[in-house]
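All chains are identified by letter, namely A, B, C, D, E and F, in their written order; residue positions are counted from 1 within each chain.
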Amino acid sequence: MTKPIDTSIYTAVTDAIRTEAQRILSEGQVSAIVGYAAARRKGSAQPIVISQPDDAAKLIFTPACVNNLAVYLTKAKKEIPKSGKIGIVVKGCDLKALSGLMGESQLKREDIYLIGVPCAGVLASTVQPATELTTDSIAPKCTECDAHLPTGCDFVPAQTPVAADLEKKYAAEITRLEALTPAERWAYWKEQFSKCIKCYACRQVCPFCFCEQCLCDRNKPQMVDTTPRPAGNTAWHIVRAMHLAGRCAGCAECERVCPMDIPLNLLNRKMAKELKELYDHEAGFEVLDKGPLNMFTEKDDQSFIK
Amino acid sequence: MHSEKQKHTFEPKIIAFVCTWCTYAGADLAGTSRMQYPSNVRVLKFPCTGRIDPVFILKAFQQGADGVLVSGCHPGDCHYIAGNFHARRRFAVFRKLLEFVGVDLNRLQFSWVSAAEGGKWVEVVTDLTEKVRAMGPMTEFKELAMEEQWSGAIDTPELKEAYNQI
Amino acid sequence: MSRIGVFICHCGENISRTVDVERVAQEVGKLPGVAFSTDYKYMCSDPGQNLLKKAIQDQKLSHIVVAACSPRMHEKTFRKAVEAAGLNPFLCEMANIREHCSWVHENKEEATVKAVEIVGMMVERVKKNRVLPTITVPVTKRALVIGGGIAGIQAALDIADCGHEVILVEREPSIGGHMAQLSETFPTLDCSQCIMTPKMVDVANHPRIKLYTYSEIELVEGYIGNFQVTIKRKARSVNEDTCTGCGVCMEKCPVRKIPNKFDCNLGMRPAIYVPFPQAVPNTPVIDRENCIKFKTGKCGLCQKVCGPGAVDYEQEDSLVVEAVGAIVVATGFDLYTIDEKPKGSAIKGYGEFGHGKIPDVIDGMTFERLASASGPTGGKILRPSDGREPKQIVFIQCIGSRAREKGISYCSKVCCMYTAKHTMLYHHKVHDGQAYVFFMDARTPGKSYDEFWRRSIEEEEAVYIRGMVSRLYQKGDKIVVMGSDIAVGVQVEIEADMVVLATAVQPQKGADLLAQKLGISYDKYNFYSEAHAKLRPVECATAGIYLAGACQGPKDIPETVGQASAAAAKVMTLFSKDKLEREPIVARVKESGCVGCFACKKVCAYGAVEEKEIRDRQGNLIKTVAFVNPGVCAGCGTCQATCPSKCVELDGYTDEQVIAMIEAL
Amino acid sequence: MKKKKMIISQETMDVDFVRKVEALSGTSVRRCFQCGKCSAGCPMGTFMEHPPNRVVRLLQLGQWQRVLAGRSIWYCASCETCSTRCPNKVHLASIMDALRKLSWDAEGASKESYVQLANKLFLQNIRTYGRQYEMRLAAVFNVKSGQFLKDLMLGPKLFAKGKLKVFHSKNKNMSEIEKIFTRIEEMRKKGEAL
Amino acid sequence: MSKPNIMEYSYYPGCSLHASAGEYDLSTRELFKVLGIGLTEVPDWFCCGATPAHNVDELLSLSLCAKNLELADKVEGDLAVACAACFSRLKTTQHVLAESDVKRKQVEKAIDAPLKLEGKVKHLLEILATDLGLERLAAAVNKPLSGLKVACYYGCLLTRPTDVTNLDCVEAPTIMERVIEAAGATTVPWSHRMECCGANFTLSRPGVVIQLTNAILDSAKAAGADCIMVGCPLCHGNLDIRQKEIEGVYNVEYALPVFYLTQLVGLATGLGPDKLGLDAMIVNPTPLLKEKQLL
Amino acid sequence: MQKFISEQNLNTLLDTLIAAGTRVVAPRMNAGTPLYEPLTSAAEMITDQLPRRSAKEAFFPVCEDIMTYEKEGQKVTVTDIDPSRFPETVLVGVRPCDAVAIPVLDAVFSWDYKDEFFLERRKKTTIVGLACTTADDACFCTAVGLSPDETKGSDLFLTPLEDGGYDCRTYSEKGETLVNRYPQLFSEPTGSKAVPLAEPQIEKFDLKKVKAWLDENFENPDWDSIATRCVGCGACAFVCPACHCFDIVDEGTEKAGKRRKNWDACGFSKFTNHASGHNPRDQQPKRYRNRIMHKFKYYDDKFGQTLCSGCGRCIRVCPVGIDIAQIVEEINKKDI
């Protein structure tokens, strides 16, 4: 049954973000802030970079603020004013990605000013931006959220999000797929990957796809076919899931932006599940020295090795 | 042990990624001991299992391997201190991924074979070959390689025939 | 376009019996890029090698594949031949069609097909081979030895005797280490001082040993053959060069009641002191925490009485940098103290043994000092509480050792033997006394060791009780020992005059910190890890660093001395060449693509990956990338498999080479 | 059984029993290396025919019948001294708990009846009253153990001091306690718990 | 660490305090009133199962304790426990269920409720020594127990096993000494502070108890103690109630009054004998207290 | 020619064509996503959703082989792909905003080089357009001067009628041929009213004015603010009915391989990367500027047409909410 999700705090959150942004910009604590602003289409939001205190009024937080802005601090960071600190508006899920990036030396905590957002959830990519947030219209990732309130930020509006108790969509789907035979799973993914057109939106929005030279763009050697044919598509998505294993924090941006609706986050969540089971690793707010695949213990499972 | 007289309708292609210090040496020992095993395996030598990228396994399947073997030093025996420990984690995770996208893990074998275990090398290679032989060819990746996005497909009879022959 | 030459060996009949070598040569000749293909009976023989060399010159070959036996057999041979013909040796690869083919298959057709494919694979691989220059590293022929106990002393003397300079660094004011504290040594009961002090003097007088006592390692940079070590020399407050060691300062010092650590706090020393009379160097040090001059600014007596004017209150800690080519780590051990909390344990010590509060419960080293002729009692066994001679003495083994619950699950190896020795020393000194030993297992492997233990029981009349002690408590002036004898299956109670605990051997405190400075690995207890438990037991995985003594694990004196000499031999082997040559199978970073995530650094077991800043011409930082130090890299390639963008490549095993091989199949 | 020669074979080594003990106690039996420290400190050691270390040793050999046949496990005071001081993280007190549980499952294999009786009554009391009813406990024990006059001298004194209460207030939520007992019984029947 | 001015605890007295150890209950309530610490008894608490339950049926023992923890969770504040045995069982339950998923699931099933394991369970000693703090405790003392030589008896269960109760150092605790010294008394070092009194056999094997308890009394007497202080009704039962009998068996005279810690601390805060239940003690403390001018 | 065809007859028409071996491409669901794809049965066709990708791929595939090669020894054998093997195709249910872009693409594929692959498919394909009755706030066909019943590009055009069935008009010989091949399925117009057309909520752009501004403002600071947020994926170009850039790559091994033509996107950072490593469009705003310039200026300069049909797909799929309609609207409002 569809139930509305309480987003009443978002107004107060928006106000608090604006006040804080205005303050830190005018005090010169940061040179720019990456946040969300309203866009043309009704109810929609888009990323914005502001550097003037007056522009703080443009910032918003609504259920349409789906983007993980962390991506702007890695690949796109060169194009954002580089002097001084950069402020960024982050939801809990986004913050996990930032923690990961710090662990991988892509960011320094002291270079950024974190404006954390108490978040009850954002909209799914399948609905129009003006839709009301409900148990149906909520983004699938939000059904498994354990980070409604980010911690360790420089500023978090004093609001407590009301987290709805939702059926965990990915967990349920992973369980369903796991129960299939390998041939059935292959058929499922084959159909999904066949739609892929290699637009690389998944890669481009991913905070962790920060390689300057993507393995899959190379042709000497050509490890993965670059053409958008089923063989190359499958290889691309397998390689990407492997590269994200132990790093992906579940912002689900890849899945959200896929124009072909490929459930990419399923792969990432499956990997996260395995890493939790195998090595008790979970991506969280803590900055880790080493990811689970950059370390080992002598007692690691080897039941699969003859 | 593999009998030369036995005729098989299907000869699987097995690709083995092995480290030079333990498993490659173990395979050498099998040779110097004149042990016999199926000729289906092709060995690629690496300094260490730590060097083996999961992409190689994927690539091997894409290039038509019906079975893949990855083998290195027993835990604690790595010539490079810990390369096999890193590999162990990497492959523990990668095989789960392959399984999730629908690869039958019976086609992917991992083993520790030391330089002294010529017999184990023979056993591992024979077992995998026979297991894969019983499963039949790995058609999934070969089919994929033949397939096109619909809009690029030229639906000619000769192409359809080639596809059906996999 | 490459001009590849393929040479198929018959290996007498070893290969040609099951592989149709001519057909292989023919089939392989058709492969793209193959310019020449032939077979020969013995490729590794002189005529075979000459055939190869001649073909390279005549056919202007660019790359070579020799299809023969295992590369582990003859790769070096053929690469040398190729080099002699003017090609880079790394443009030659071997295809193993013997061990991996002709010897393991009987069917000639199958074996031939397989051989063609194996050779084909190597043809594709060799096309992608690059010219690799041999890497040479200069060697600084000076060694650093860290730790001046018996291990460090032995290693330093051996290396210096071989003609190389040695820097010996010791943390304490004197060298000598734990061995200098011992009374007598098993299994021969030699006086420890008698065998130790001459070696200490040798060190002091050796022209090629530079001794830094009261000094610590601050920083280690560089790699095998080329280390730069920064050593902190703590302020001694006495000038080593001018001090004559007359000892007047110590006699006159008004502070006299500082427990002497060397004597396990049984004896007292002044604030200006040498740890023990035979110290090397025989130069006192001022203990600034207890010195009146340093505490209040008054006194200054020692300076006044010092004839040569060696006392210098102004002295400060100083740093010296030494260049060395090899390092021997010999930092030794520390004893577990019963009220200490070991690394990784939730529990604080052994409260059931009185928490170190019952004065006559002492540890083994304290017993050594009591038994030592140079000790605080002049070698008499007396109770610390009242100075009486204990008539009933109980020894308890395995205190800390083999105690998972206390965080140490290993066996300390030496306690069984030293406890047996203690019972003998006791029996020799207290003729009417009785010694009891509570033990779990007696471990006495070693030359003459078990005989020694049996002697303690059979001749020296020690009573061994197989069982542990649950608790000790004071009752009057006795110590009640609540034990059990599991052979009989009853509880045992002894009212003892003194109890000696055989405490565990642990690594030195801060061993982990030193390891981090050195870039060597250590186990969960902080013992240093050897490169290979069986075959490389004195080398660290980090090239150029060697281990000696108990810093690697519990050891007795003969083992320690043996390993010290072994480490010295390794150092001398390294120093026997002016330059270090190594295979150029090392990782290289493609800096243009590197994003500096340092995953490679995280997985490198050798610490070969460094961070390198890339700056533009104005000096602005563009980015920080990984850099692989070729001197340190061991060539395992784990970094490459880990690098997400494949911007680090292992020469000799590049992705291009591997993919080419897979695609050839 | 005590004096009988111990025959050790794959048949007599009842590993399943040991696994049950390990599951119940949450501690390893094999880890014990027989240092005897448990026996050294056991306050009840002098009362037991098998000192604690031997109980573990017999378990290691799979000779559980010998253990259950004796009084040792019922003479354990649960003081936890052994567990606390074991150098090897063997939680012997928990092993003793597990053995007593299994002894009951094995239907009174042990000789020691008084301790068992006291335990039984204690648990019955909980089931009936929710809390301990000390006076009834003592009285019923004396009746059932046939020691009518035991501690007779203590009674009046305690009574005078207000230490024995004739009336006992039952818990209001007795049904909940009954449910806990029955649920556990059901779980055991279904094999969901040991 | 900040200490709130008003402290509130839920209170689990345990069966004995409602029966044989009524004076412990009484003195606890009175003392806490004086110290301004609120106690709210857990409604409808059950027996924790004590030693007999875990002795033969760990699952039952865990379930009973888990049920009590659930009941306690409904009352504001950390859980104050007077009896060392109850304290040990409740803490053990928290520990065991946090470690074992299997047992956790079984217990959840048995009590048919989600587990509430996070609440803090504290023995009265901890509340006095840590939560209230020795300074504030000392400040509340207006009749210091000067000259009274106390042997503090811990028994088995206050500190054991390691990692479970975490009350104090497992082998060399000092918490009782610290508390009673804050009340002005002198403590004696003695050897049997933590030896077992055999409480488990009070009913079934009194002979055992007499032997073990005698050793404790003997040791305390030899150390020169005037009296013994305990924090457990079971220890008290053996040391106090059986003392006469032991004297008879061994033909000695101990005459060592056995106080609950709350009785002695209460005395120091000026509470009268009626509020401390001194008349319930079998070994009459009056002569001693008079001699030391504490009555 | 104007006719009526019932929904049932339309299905019969398509099933008949499929049975006759003609490839029928129409919107259908593929794993939850609406796409123009070959039908195996008319029942698969959906008419109520705009396919996620445009109809251009019927002529300009996502990826296609253009030749194959084999090597043996020093010999190389090259085999060309024969375009005459492309099948006859009927493309049905094409939205006006998709259909209209196809003749626009004709210009570029038959300009200085005649792209046989595109033109051969074009020749063999009959396009059946379908009037559009629903719009969301990303739709802006009317803003670029088109409409939901624009027939340009269609050989045959269907308009849904309120009483069911479609009004069916032919606009080319191909259209008429199709109708005439199965006359029994078509009947005379019924006079029934058409279902109301979609009404995109956006004002019409003055495309001349927009171009005039673009002509003058290759360098303008506004490009930065417009496109800083662009993350450089190819989603917009790949779903666009008019974008037509492609890349040619060789794939294969030392022994055999194929040369392939793939969609490419000017948003990719490597799009203009030179072999030297130099990249003239080195920053994302420059790349995004090219997209706008190409659509509203360069194509117009060269072929006199605008390269945007207002389908709104790029707006819907943009990961970071870049809205081309908003950008052009703002340019439209600027003073020149």
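We take it that contacts are C-beta pairs under 8 Å (C-beta built on N, C-alpha and C of every residue); 3 or more make two chains touch, one makes a residue touch a chain.
In this text, all values refer to a predicted model and were calculated from it rather than measured experimentally.
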Partner chains that chain D and chain F have in common: C
Between D-E and C-E, the pair with more C-beta contacts: D-E
Most remote chain, CA-based centroid, reference being chain E: F
Chain A and chain C: spacing of chain centres that average the CA atoms, whole Å: 45
Centroid spacing, where centroids are CA-atom means, of chain A and chain B in whole angstrom: 35
Chain centre separation (chain B, chain D; CA means) in Å: 56
Where chain A touches two or more other chains at once, by residue number: 194, 197, 215, 222-223, 228-229, 293-295
Junction residues of chain F, two or more chains touched: 62-63, 253
Where chain E touches two or more other chains at once, by residue number: 162, 170-171
Every chain pair meeting the contact rule: A-B, A-C, A-F, B-C, B-F, C-D, C-E, C-F, D-E
Touching residues on chain C, where the partner in the complex is chain E: 346-348, 350-352, 355, 357, 405, 473-475, 480
Residue numbers on chain C that touch chain A, as the complex places them: 590, 592-599, 602-603, 624, 642, 644-647, 655-656, 658-660
Of all residues in chain F, those that touch chain B in their complex: 23, 37-38, 57-58, 60-65, 81, 85-87, 253
Footprint of chain E on chain D - complex, ascending: 23-24, 26, 43-44, 47, 75-81, 83-84, 91, 93-94, 96-98, 100-101, 103-104, 114-119, 122-123, 125-126, 130-135, 137-138, 141, 145, 150-151, 153-154, 157-158, 161-165, 168-169, 171-173, 176-177, 179-181, 183-184, 187, 192-194
Chain C-touching residues of chain D, taken from the complex the two chains share: 31, 33-42, 45-46, 50-51, 53-54, 81, 85-89
